[in-house]
Structure formats: C-alpha cells, structure tokens
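This is the structure, below, for whatever I ask next.
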Amino acid sequence: MSTQPPLLEVDELSVTFGTDDGTVRAVDGVSLAVEQGEILCVVGESGSGKSVMTSSLIGLTRAANARFSGRAVFDGVELIGASERQLERIRGAEIAVIPQDPMTALDPVQRIGDQIAEQIRAHNRVSKREAFETTVALMERVGIPQARTRARAFVHQFSGGMRQRIMIAMALSCDPRLIIADEPTTALDVTIQAQILHELAALCRQTGAALILVTHDFGVVAELADRVAVMYGGRIIEQASVTELFGDPQHPYTWGLLGSVPRVDRPRSARLPTIGGAPPSLVRPPTGCHFKPRCPHRFEPCDDVPPLVSRLPGQPNHRDRCWLDVEEKRRLRLVDGDIRLVGAAT
Amino acid sequence: MTRFIVRRMAQTVIVLVLISIFTFLIFQVIPNGDPAARLAGRTASPDQIRAIARSWGFDQPIYVQYLRTMQKIFSGSVVSYSQQINVVDQIRRGLPATVSLAVGAGVIWLLFGIVVGLLSALRPGRVLDRVLGFLALTAISTPAFVLGAVLLYVFAYRTSILPTGEYVPLTDDPWQWFRHLVLPWISLSLAFIGFYSRVLRGNVLDAKHEEYVRMARAKGLSGRRVMVRHVLRNSLIPIVSLWGLDFAGVIGGGAILIESIFDLRGVGQYAAESISTLDVPPIMVIVMYTGVLVVVVAALVDILYAYLDPRISLNT
Amino acid sequence: MPGEELRVGTGVGPYRLALRRLRRNVAALVAAVVFVGIVACCLCAPLYAHYVAHTGPLDNHETERVKVGGHIRDVVSLIGIPIGPTWHSHFLLGADFNGRDVAVRLLYGGRNSLIVGFSATAITMFAAVLIALFAGYYRGWIDSVLARMLDVIWAYPAILLGVAIGTSLSLGGISLGPLKISGDSLYIPALIIGFVNIPYVAKPIRGQVIALREKEFVDAARTLDAGGLRIMMTEILPNLSSTIVVLVPLMVANSILLEAGLSYLGAGVQPPNPSWGTMISDGVRLITTSPFLVLVPGVALVLTVLSINILGEAVRDALDPRAVTRTRR
C-alpha cells in the first residue's frame, strides 16, 4: 500500500431520486478509495447502483429530482458539492469517462475527430490545427489505422471495437488521473471484449492513470483488477484486494457471484448455480441487510444493517457487510469443494 | 451519397407517376356518373357535355383517357369551363401572391417556432413552459380561417388599421405589399408556430437524454457548448425537413383558406373559387401541380437531410 | 437517465400508472370536463331545440319578429342584418341570415362535426393500422407498394386533397356495389377526412412495426410456427396500443379542424345541414355587421379541439416513461 493520500476518497455517498413511484435509493452510503494508478473493479448486478455511483462522482446524475449526501474528495477537491463550473474543469481533463455503449455515446451528426478535438480544446488553449494533430496521434495510439482519414468519418462508419477505441482515445486525450469505465465492453462483440479491456488496462498503466472499471465479469476482475468492490442494492457489501476477495470471500452474495462463473474444470452437464430470487427494489428495500431475502444463511442480526468493516485479523483493507462469524462463513461457503452460495441446481 | 440521390430520384419519379394516376382517378373514375358532365359543371348543356366527352376521350378506353388527360395538363392547354380561361395562365397569375404569402409566413413560423420551442425546453414543466405550451396548443387548435376572420374584423373592419385584403404586388408598392400581407402571414403562421414549437421542444428534451449529450458533458464541455453543438444541432435537423414540406404545401395552394379569407387571388383561392363553381379542370390541375411540387421538394429535403445527418444516406 | 434502470417493478401495469399520472394532471382534468360537457350538450341538441328554443336547426324565421326585453325586433332586419344574441330562450345566441336560431344550429352543428371527426378517426385508424401491419411485417414488395401509396396521399396538402375528393364526390355521391352514399351524406366528409389522414398515422406505426418484428418475442412466436396474421394480431398489435392511444385524440382534433376547413370551402358537410365549418362559412359573409356568427361556432370549435389536444398531450406524457416534466421535485 502506498503511503500517499488516495487519489479519490468517497465517504458515505448516497444518491436518491424522487419519482412517481416513490423515492429510489440508488446509492446507499458508499465509501471507497482509489489509489494513484490502481485499477479498481466495481462488480454487481444491473441496478445495484454501480453506474449511478460512478456518474454521481462527476455530477452527471444531477437533476431536479436527485438528492445527494456524503463526500467524494478527488485530489483535494470535494466533488459532490462542487459547482458545475468546477466540475466542468475536472470532467474530461482530470477524470475521464468511457461509456457503456460507444454507438450512442458519440454524436451521430459530427465527425469523430471533431468530437475528440473539442474535448482537447475545452481544456487546453490550443489551435484547431494542433487539436486535430493531437487527435490523429491519439487515434493512432489506440490502434486505429489510417487515423488521419478516419478522423473525418462519422460514428456509423466505425465498427463496435473501433468505436470503443475512439472512446478510449477520447478518455486519454487530456491525460486524466482517473478513468471511469462503465461496463465498456458490454455492447461489443465477445471476441474483442477481452482485447479492448487489456488495451485499456495497458494504456492506464502506461500513463499512470487510475481506473475504476465497472463490470460484472469476474474473469476480467481476476485478470486486471488490483482491488475489487462488490455492490448490491446500492451498497458496497464487500471490498478487498483481488487476491483477498478470490481467496477468502466474506459475503454470501460474493460467494453466489463467484459460484455462478462458468468454469472449465466443472462437468459440462452441471447447470450453473444461480442466486435465487430477484435484486431488491430500491424504492422499498428490505430492512437491514439488503441481501437478507435471498440469503440462505440469514439469522436475526440481519435485520440491522451490517457496517462495512474489516472482520479479518491482519487484513484491514478487506471489509464486508455480513454479520456471520468468519469461521462459520468459511464452513458455509464450501459446497462440493467449491465456493458457492448453495448447492448447484440439478 | 450519389447512389442515395439516384435512388431517391427514382423513387420520386415513381411517386410522380402514381400522383398523376391518382389525380386522374379522383376526378374521372371514382365518382358516380358521367365524367364529362362533372367536368362541365352543373350548368352545362347536353351539347357541351358531348363536346367535352370527345375532347377528353371519355368514349375511349381508360388508359387513353388517362393519357389524354395528362397530355392536356402538361401541355398547359386545359381550359376552365365556367370562364373559358386557360388554367395554367391563371395559376401563373396567382403565383406571386401565393409565393409572397408562403415566404413571409414560412420565415415567421420557422423563426418563432424555434424561439418558442427553445424557451419551452429551457425549463420544462416550469411556468413559462406551461404557459407557452397552452398557447401553442390553442394556436394549433384554432383554424387559420377563423383566426383570419377575427383578425380582419378587429384590425380592418372595426379599426381600419390594416387593409381588408387583396394582394398588392411587391413591385408596385413594397409598403402596401407588406401591409396587405401582415394579417395573412400572422393567421397562417400561428398554428405552425404552435406545432413547430411543440415538435422542437420534444426534440430538445429527447436529445438532452441521449447518451452523446451525457458524454459531451462528461468530456467537460460547458453547458452552453453542449446545448449548441450537440442538443440543438440534433434537434433542429428534423425541423428543416418539416419546414420544407409545409412550405411546399403552402406554395402549392395549401393555404387555400387563408387566401380566400383575405382575397389574395393566389393559387389557393383560384382552387377555392373553382370549387365553389364546381369547375373541375382547374381543381384537377392545381391538385396535380401541388402534388408534384410537394414530391419534388420532399426529395430535395431528403437529400439535404442526408447531408445534415450522415446516418441516412448510408443506412437506407 | 438512471431512473430508467432503477424503476424496479412495483407491480403496477403501464396503463394503471398512466392513469395515476393523468389523475394528477389538473389541466387534463379540466380539459376532460370541458370536452365531456361539449359532447353532452351536442347530444342534447334535439331536447334544447324542442323544449327551449322551439325551433329546428333548419327552420327559417327571417320574416318573423321576436320580443326581447319588452321590445319587438325583427329576426332579420330589412337590410339583412340578423339579430344578435338575445340571451333569452329564443335566439339565445342570435340568428343567422336566414333567421335560423344560432344556438340550435350550434348544437346540431357540433353533433355533426363530432360525428364526422370521430367516424373519420375510426376510418383512419383502422385503415392505417392495417396498412402499417402488412407493410411493416412483410416488408419487401408489399411494403414498397403500400409505402409509395402512402407517399402519394401524403404528397397533397390534406385540405387540398380533401377538397378535390370532396368536390368530386359531392357531385355524384359514391356507389361501390351495394354501398351507396348520397352526395350530401355526413359520411362523405367522414370518409374523405378518414382517407386523407391515413398516411399521418400509417407512417409512424409502420416504423414501429418494423422495429417490433425484430424483437425476440416475435422470433419466438415465429419458431412456434405462428402464421404472419397471427403474429401481427397477437404479438405486434398489442404492442402498438400505446402509440394508437396517443394518436387517436390527435386525429380526432385534426379531423374536426379539417371538417371545418372543408365545410368552409363547400366540400364538407353540405348545406343546409349545419356543422361548425358551414356556420363559420356562412358567418364570414356577414362578419362586418354580425361578428358573433363567426365567433360563436369559432369559439365552440377552438374549445373542443383545444380540450382534445390538451387531453391528448396529457395522455402522451402519462404513457411516455421518459417524460421529463413529470418528475417530482
């Protein structure tokens, strides 16, 4: 662990939206830290609040019906209460975003190069010419052939993988210190998903930028992440280094996620174990632990919200939200010699 | 792009042919009774009807009738039966008034439609949006000819601030030209302003929720630049095509009611008068002329659209 | 927008939700009350004519006199100016140049305008949805043919095409086999308006059908060997319902406006049958002396169409999950 202060420190961040159906608690007291240059993976199901959490950091969820509480300090600047002006200076320059679907994230009626150049010119005092040259260089760097001509093309003339490379080029354009990538490959063909992610990770290592990678692919987590945060129902329920999490997962929900990853060493005939039940309603969440209704190991204390603390001696950075005793957990999670939530369905 | 234009033109030619057939059908085939009698109007003598039947070929098979009708229309030799005046000449005479009406009103409704739409979209759901929305709906719900009649009554008959109608050519007296057209322009524009503002408001609000607008903000662009470069640009493109078609419709005599109320003697009023005397040949020619105009303009608008929105030409 | 993915099921159907939102919309409620009031009044036209005004919509009284506030006045003066609103049971809203009771004609005319508006919308929706389903589902040459046909109708300004067909039909009426409609029937304008409006409904719905046929549930039905007709009716049509619901008020409003325009030009409802359009048309001739002859039917027309439009907009907002104006603050 480095001794310098973390690049980003989120403290008890909550985000709620007032809707016709009631108040949606999308993010519910999230705390986490991102160190300089590290890769943090945020894992969770759809609707677990990962996207809202990451977009709230740079104020993209600000709306008339949104309420925020808590703090997020990036390099000494508090982001949650920051003015729109302050955020504009940080967005794209200090913190860059790579979106889920590059097709819809690029303006259909403007040339690709212009869209990258406009970001460069928003943060640097350079001429159009210089911005364009930088754009071409960036496009070459992320592996786009004939960058000079391609810069004048429109988004629909690019393939999915190329589009995401454009988004990566865009993210890198102002040498950001932090990149937030929100499931950057879900819209892509499976065959190039891994390739794009590896390229992204390599570019981050090269430039020294930290990366928050939102994903639900544990294969990606195992390969790329330094640390992992697992989100469920708007809360972080477990947070650890990648080795700690895979070696000694503490939260039953994490067991379920790990157990449902397809593996080559399992017989093909066995069906993938799933987690029974549905994700919690964020309008009327269960009291106490959000995972309680789906957890086979629930007991009385689960009616109170378990705090996110370290429960393992000697591992202060491995924190989780589960009331179960550590030894009890180690016994419960072993099903047929594997880590699982429950026995595989037959 | 070239391929797109060629294909669009081919489509246009097909629609043009279909339009001519359709126009022919409306007047000669669908209705009951003798087409010659219909062309002759209600006051014709049997001799006249017979003469008409011969000259339009109603004793011949239907395709001959069609061809002969088209030949008459496109050679410009159709003559109205109530006044025995060449129809094409008459249309040509009406064009300056119609074009003046269309250009002035078109500019007004495009401009105000955009302004009102943007003002509404600025803070959706707030007082200004609600008031403008109500006014826009009221404008959409008011027939132009009722509005025109009321404006005439207030500004011309009661107070004599403005003339009661008729068209004064621009070349004769620009000031009088303007004074005579103010009320027609307003009457014709108001409903369009209401409609365009609603469309634009919807477009802007939709665009605001697009991923690329979120991304533009994530890039650190100023709110103003996001609005102008990404939201507005994408919202205004559909307005362009809408405007082209409506404009063509008005030039083609679609402002038939306004022209009649204000006695502008344009193409539309010529159609209206022919209707009231049941003089079929001019109506047929005007309907044909308008259809052709709209189809051609629609094709041009589509090509312009393809330039503005690069998705179109490559996807379809 | 984060709200979308977070709208986790609370077990309420989209229509129930829409209704709930609609009930909260004050403008829509007012519009609904106004519209229902107007329809009710128009339906009661014969009652009003018989029991209050003691005259019919077509009865001329131009040579008669009427007692107003103690004075005896001509219904139509010697120089042809009809009596203005009396605010009494006789000639409540005045008389027209034939000495006919404007209030009575307003109610009967409203009835005719509404009948034409609603029948025309029914015709439009039926034909347009059918065309859109076939064109959008089968694509290929069927689509090309139908789409070109829509382009043709759409190429004419609605009013001009309506006038053209109206003139043509009012001369001879229609006779298609057993179906015979005389030239002065109300169903001629309804038919014309219904026809002219088809492309405005068919085009957007066709686009939606094209999008829907690529959906998984349609594929699923296809693998179960369901026929095209069956898929259209049971899989695609139900998914068009919200679009149709949104388009209906719009078309009713447009049809009533178009009817007024056509009648004004003499190609819609045929005199002496009243409709708001014919009444305005008659009134314009006397606008210098009797502006109420335009104002009375004009205001009724605008009020009706406006209330339908407000309702229509509210329904659209309520059904559209992306509507931004609605979010509570």
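The first chain written gets the first letter, and so on, giving A, B and C; residue counts start at 1 in each chain.
Quick note on the criterion: a residue touches a chain if its C-beta (ideal position, glycine included) is under 8 Å from a C-beta of that chain, and two chains touch if they have at least 3 such contacts.
Values in this document were obtained by computation on a predicted structure and should not be read as measured data.
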Furthest chain, CA centroid comparison against chain C: A
Higher-contact pair (C-beta pairs counted), A-C versus B-C: B-C
Between chain C and chain A, distance of the C-alpha-averaged centres to the nearest whole Å: 52
CA centroid of chain B to CA centroid of chain C, Å: 21
Per-residue overlap in chain B, given as positions that touch at least 2 other chains: none
Chain C: positions in contact with at least two other chains: 326
Of all residues in chain A, those that touch chain C in their complex: 17-22, 24, 26, 46-47, 51-52, 55, 61, 63-65, 279-284
Contact footprint of chain C on chain B as seen in their complex: 11, 14-15, 18-19, 22-23, 26-27, 30-33, 38, 42, 124-125, 129-130, 133-134, 137-138, 140-143, 145-146, 149-150, 152-153, 157, 205-206, 208-209, 249-250, 252-254, 256-257, 260-261, 268, 271-272, 275-276, 278, 280, 283-284, 286-287, 290-291, 294-295, 298
In the complex, chain A residues that touch chain B: 58, 60, 84, 88-93, 96-97, 99, 101, 104-110, 118-119, 122-123, 154, 156-157, 170, 174
In the complex, chain B residues that touch chain A: 210-212, 214-223, 225, 229-230, 233-234, 237, 308-311, 314-315
Sites on chain C touched by chain B in the complex: 1, 27, 148-149, 151-153, 155-157, 159-161, 163-165, 167-169, 171-175, 253, 257, 260-261, 264-267, 280, 283-284, 287-288, 291, 294-295, 298, 301-302, 305-306, 308-310, 313, 322, 324-326
